[in-house]
Amino acid sequence: MTIIRLSSVDKSYGSLKVLHGVDAEISEGETFAIIGPNGAGKTTLFKVMTGEIGCEAGSVEFLGKDVTRDPAYKRTRAGMGRTFQVARVFKEMTAEENLIVAVEARLQNTGKSDAPWYAVKPSSATLDEVHSILVRLSLDKKARTPASELSHGDKKRLELGITLAGRPKVLMLDEPTAGMSPSDRVGVTELIRDISGKGSGLTVVMTEHDMGVIFGLADRIMVMNQGRKIAQGSIEEIRANPVVREVYLGKEAHHA
Amino acid sequence: MNRLSTYLLVALAAILLLLPLWANSGLVFLTGTTIIVAVFALSWNLLFGYAGLASFGSGGLFSIGAYTMAVMLRQGYEGQFLLLIVLATLAGGVVAFAIGFVALRRSTGIFLAILTLALAELLRITLAKIHWLGAEDGIPSIVRPTFSIGFATVDLSRGNSYYWFVCIACALLVGLTWWIAHGRFGRTLRTIRLDVERAAFMGVDTHRYRLVAFTISGAIAACAGALFAPWAQIVTPDIGNMMRSTQPILFTLLGGASSFWGPLIGAFLFSAIEFSTRTLVGIQEIITGGILLAVVLMFPTGVAGAWNALIAGLSARPEPAKAAPALQPVKE
Amino acid sequence: MLEASRINAFYGGSHILHGVDLSVPALGRVAVIGRNGAGKSTLLKSIMNAGPTVNGEVSWEGRSIAGLPTFKRARLGLQLVPEDRRIYQHLTVRENIQMAAYATTPGRRPIPVQDIVDRFPMLQPIAERGGGQISGGQQQMVAIARAIACRPRLLLLDEPTEGLAPAIVEQLAVSVRELCDAEEAALLLCEQNIWFARQITDTVLVMDTGRITFRGSWPEFDNNPEIKQRHLAV
Amino acid sequence: MFTLVNGLTTGMAVFLVAAGLTLVFGIMRILNFAHGAFFMIGAYVASSLVGSAPRSVLALIAAAVVAALVVGVLGIVVQRFILRRIQHVDEHYMLIATFAVMLVCVGFVKLVWGLEFLSVDPPPGIDAGVEIAGLFIPSFSLFIIASGIVVFLVLDFVIHRAWAGKMITAIARDGWMAELLGINVPAGIMAAVGGSFALAGLAGGLLLPNQTLSPALGDSFLLLAFITVVIGGLGNVRGAFIAAILLGVIDGLNTMFLPAYPGVVVYFAMVAFLLLWPNGILGESRL
Amino acid sequence: MRLNRRHFLTTTAAGIGALAMPGILRAAQGDTVRIGLITTLSGPGQLYGNYIKDGSEIAVERLNAAGGVNGSKIELVVRDDKNSPEGAVTAFRELTGDGIKLFAQGTFTANLLGTLPLLEEADVTMMMVGASALALTHEAYNPRAFRLGFSSPMCFGGYGNLMAQKHPEIEKWAMLRSDVTALADITNAFSNGLKAEKVKAGRTVEILDPVLVPYGGADFRNQISNIIGSGAPGLFNVLQGADAISYYKQARTFGLDQKFKVLCDSANEFAIAKAMGANTPASLWSWTGWYPAANKDNAVSDEVHKAYIKLRGDEYPNWYIGVSHDSILTIANAVQKAGSMEAAKLIPTIETEAPQGALGKIHFRKEDHGFAGDLTYIRFGRDDKNANGWSVFETAQLPGAEFLERATPGSKLN
């Protein structure tokens, strides 16, 4: 079943056209990767999907509903969770508080808030959920650390946690391993695989430069160049595609 | 909050309550004024420190509250005083909601600041033209009301009773604000200040939250204004002028925006400076300006920030002092 | 040419570099590799005095430059190309390169902008474009061209391959190598991409949690699988 | 028609004051509350130089230039000893600092020049009026308009064409990188801030014969200048120029069609502008 | 630099001394007669507040030199009202808390309206210095307060009357005023006075609606071209302070002198000439509350004038100097005559006494405590022969009591 459908999306920044009639269909449960050289329009496409920016033409459908005009928070409520290239966490709050606000936001949005309206402290169920997320992200020892003092990798992990706290149907990851060391990359790749494993039913849409990460996770890949989709298919199909090799992969065999 | 600060707070509250028993009536009047504008500053910081919105026009809302109260008392509704406070609060909330509804979707940051400044000036100019409201000279001789609360009659017109009423009302307002700031709503608001986009991607309707915060802040500001009218016993259009609007900003930054108590500390500090230099006429500006500069240069995180750092320094093991980097590091 | 000893660097309260020693000889090609957060960027910034609070001794051609502000170090011929490139969006590519003329070492004339543009074939079609209208790969090229334009004696490159498509990384390796040779500039490179670092340097330092844990040539590095395993987890 | 010329005069007078304000914003990202006070100091300094009756237009301009220099130096002192020390803390502290500087400046003016009103006449040559196409126009108005246009053209050239401007822009947008490229950033900022303050002083000198000197002089222009800067797009000199003209004309039409409410329409216009173009008519500009 | 480093230093030293001295000690000095002076000593009104302070201090000095009050020295305790009612109230409550029973306060109406309701509870007597607003002796009338100032109907009604007499030929008048509602009293009074006299003389007069200018504005050219376009030969100007001077400057380039036969200014008197020097309009009328040269046979006036010249080196004191001097004098005289500082004894004394002040005999209308002294008008203008570039051409005096509005204490005048 198709969970996200993009139909002929156009987007310009001023006079610069960055997306030319992009189509895409993402099926439920799959891990879908968007790759392409810098400036190909990956991040822009991402933003159009999540509702950060609008598009001039075309439409975005989510769960069979047209959400082209919906702002980001509505799409998030409908089940899109997103992370950013440079991890964005609430720096003045501790790791724990970051997750508390995320869990509370979800409960509030779904109308299932369990703390009474006058309560100052979060409910114990919320705290339990927060702690289970912290443990899952191996951040439990840093629960009381202000997010601004976390390492780069930990921030990325925490941000993933914030997103997961929203219990999304689709996890949208914008370069989840950007700026990470190879070992961290392996860790995050495994974490994502673990989260989106079969049976979880979670759909993952990601952009990424590291082919190792892509080839380790993706079910299907879409390749973009200069605002256009130039190829789409399984890992093998993409590897074999001569156009893709020329514009993007180069002699990746050397150092992938 | 650490224990020492709590003790200090309790001690300060006690001093404030007992003040009329020993202090000069001018000092009592100034303290009452300070308590009210401190709550006013607190309402501003609810918007600034929690929702990340800076308004330069909060004086307008203060004056709406004050005028509503003054007019209703003049019309002879003093028996319903408590109701009048609620009414004035609502009036501020409604106006703030209307402004927020139109403005917040389109402008934030400095533009919102200037927009609110313009609206407050417009209000001031308008008030100064309405004869029925006394034009520039405002509404004088406002009574301190006597009213009944069912089983007892409260007479606020005598001696220092209105002072204590102000103390109690402001304590309630501080409590209310504390509760708003520290509960779920406050936590969510903080995420909006820290990263509005990230908050939206948690499914938070950031526009709505900001609008609610703007409304609450405006309502509390108007409530402070409503308490102020019988306190000063006169309201004039200048009650909402630019200086009034900069008051909470000054107090908040002086005290420390990152602390809930910052605006209160700033308000009392500022009043203390003004009172202790009251006889140095002619050089008031230089003294006030100089002290402000000194505070900003010495405690760039506000007095509350410096205090917290001091407490942290006392309780933690000493750490070598480190200079701030010469240029903003962009990425670590 | 560059000698740094016992460098300690701090950001606010956190201690990032712990007594790092480093030297780059004239015409030397040195790579510092290590995982993210190891302190590589901080090391480069410490050498430039551009961000962290630093104590320790840094000398340039035998003279201490401790306490010298960043712009004076740049004028001595140290040029850092930061990780995030920092191309001026409001200036054209050509103007961006021209800006570097301000950093020329006294006595060395800057390279005329046209020469630079000629030397980077990738820049020719975009020379008059605004800095905000070029892709990430092009930005990296402009950043390096801008640094080269003032004839640096030592080029400090911070993660130049970050975020670049593999095909571009290969081109970049060739360009950097040629440029450093032509300009007789020494090179200090911070990288995570070992393949890239190997292409353009001959000495390698491994950094982990703010300390240098290995120093040697690439063959020595290759013979030391334990280092790779422990500090890079490749 | 007369209203238009008059509006232009008002507009250019406001622009002269607003130019420095928008520049400081472009460089330092602060709304400088002290700007009006520096404008006032410029006016007082110039008046001390030329006395109450300047001998010629040249003498007035020379006094304005000296006032600009004096205020520029004051600006550098403020930058060096106050603003620079707090540039890393929350930007709002800059606001409080400039507010404090304003208070000190006003107090200083009161001590040095006293409270009595001072007045400086337009110098001979521009103290009468000229008749153009049957329209009586005070020649001092023409002087103000010309000054505004000249200042605008020079500023626009320096910022958008000259290398000095490009360098300052580079510093304003990314000082860290500018320093890496070998630009003396602290000196650059100091010069730019000094220059912006000098513009306030220059405005004070040029507008000297236009109004009365009193310690409240700073306030009369500050709010209008704020409005101009915001409507034009913060940090945007071209925007400020256009906004100043618009405001001047709107104010002129206000007196013509709504004489019972002088100076009120400007506020309505401002609210409308801000709602229609929340980022200013030409957009915000980091210089 | 004229504003007196010496003066500033003594103020500061006195201030620091006062700070250092505990309140109890100060309150214990029972052998002095303490008078609280609350006026505007910061912000835009400071100029006038300083005049009031100077005049009051001159009075205290003179009275003490003459032996004080019943052998006690007078002590003036000065407080800034910070240009706001609540500032005035703070100062008032502080001083009453310190036991002060005698007050003088000026100049802004709103600040007085803030303190008037408090007089009863504090049981004090107040002299309102120089205030002109009608409310003070009408709807906000307080029996404990006396207005030593000129009400608008009195001084500007008289003004209109005088102009109608001096210039019967002028049949059309234009008016210009700041967009401040309170100033409407002034234009109304002027046109009423003008009309009344014209009717008496059997003539008609056309008085145009006032042209309004924004208060504190910087550019009045549009309004100037408006009034010039009106074609009226007479002009009454109700701008104040810096606004007025800016207006005369800007109007000069339009040829104001040639366009109007008679120029009248409300109350800026010499402030205009002092600032504009040789560019003062050729001839300009102004009302003034006190002009020593018009009070030649008054010894008190001369002494105050001399004391002021000694203090500030200025030959043309602002009228607030005389009014504030007389305020203190009136209080001191009443204390001396009543032998008490109790309001109950002072009020009847002030009502009946008429001490000789700089302004002449100081007496108040009993019904509403409004001052009913003489009205003084001056005509001055450019004069190349005089070194300072201007001189006074003529003065005119009218009996103020004739123009006093109806007494309606406690309710609005209508």
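Worth a mention:
For reference, chains read A, B, C, D and E in written order, and residue numbers begin at 1 within each chain.
The rule is short, and it goes like this: contacts are C-beta pairs under 8 Å (C-beta built on N, C-alpha and C of every residue); 3 or more make two chains touch, one makes a residue touch a chain.
Here the structure is a predicted model, which is why all the values come from computation and not from measurement.
The minimal number of chain-to-chain contact steps leading from chain B to chain D is 1. With centres defined by CA atoms alone, the chain at the far end from chain B is C. Computed centre separation for the pair chain A/chain C is 32 angstrom, with centres defined by C-alpha atoms.
Separating the centre of chain C from that of chain D, both taken as means of CA atoms, is a distance of 43 Å. Chain A and chain B have centres, each the mean of its CA atoms, that are 41 Å apart.
Chain B and chain C have Cα centroids lying 51 Å from one another.
In chain D, 110-111, 176, 179, 185, 261, 264 are the positions where the chain touches two or more neighbouring chains simultaneously.
Residue positions of chain A touching 2 or more other chains, listed in rising order: 152.
Residue positions 50-51, 69-70, 82 of chain C each touch two or more of the other chains.
On chain C, the positions that touch chain D within their shared complex are 48, 50-51, 69-71, 74-75, 79-80, 82, 86, 88-91, 95, 99-100, 102-104, 146, 150.
For chain E in complex with chain B, the residues that touch the partner chain are 8, 11-12, 14-16, 18-19, 23, 41-42, 46, 50, 53, 78-80, 82, 84-86, 89-98, 109-110, 113-114, 116-118, 133, 135, 140, 180-182. By the touch rule above, chain B contacts chain A in their complex via residues 179, 182-184, 187-188, 190-191, 194-195, 197-206, 258, 332. Residues 54, 102-103, 106-107, 110-111, 113-115, 117-119, 121-122, 125, 129, 242, 246, 249-250, 253-254, 257, 282-290, 292-293, 296-297, 300-301, 324-325, 327-328, 330 of chain B are the ones that touch chain D when the two sit in their complex.
Here chain C touches chain A in the complex through residues 14, 34-38, 133-138, 162-170, 192-193, 195-196, 232-234, going by the rule given at the top.
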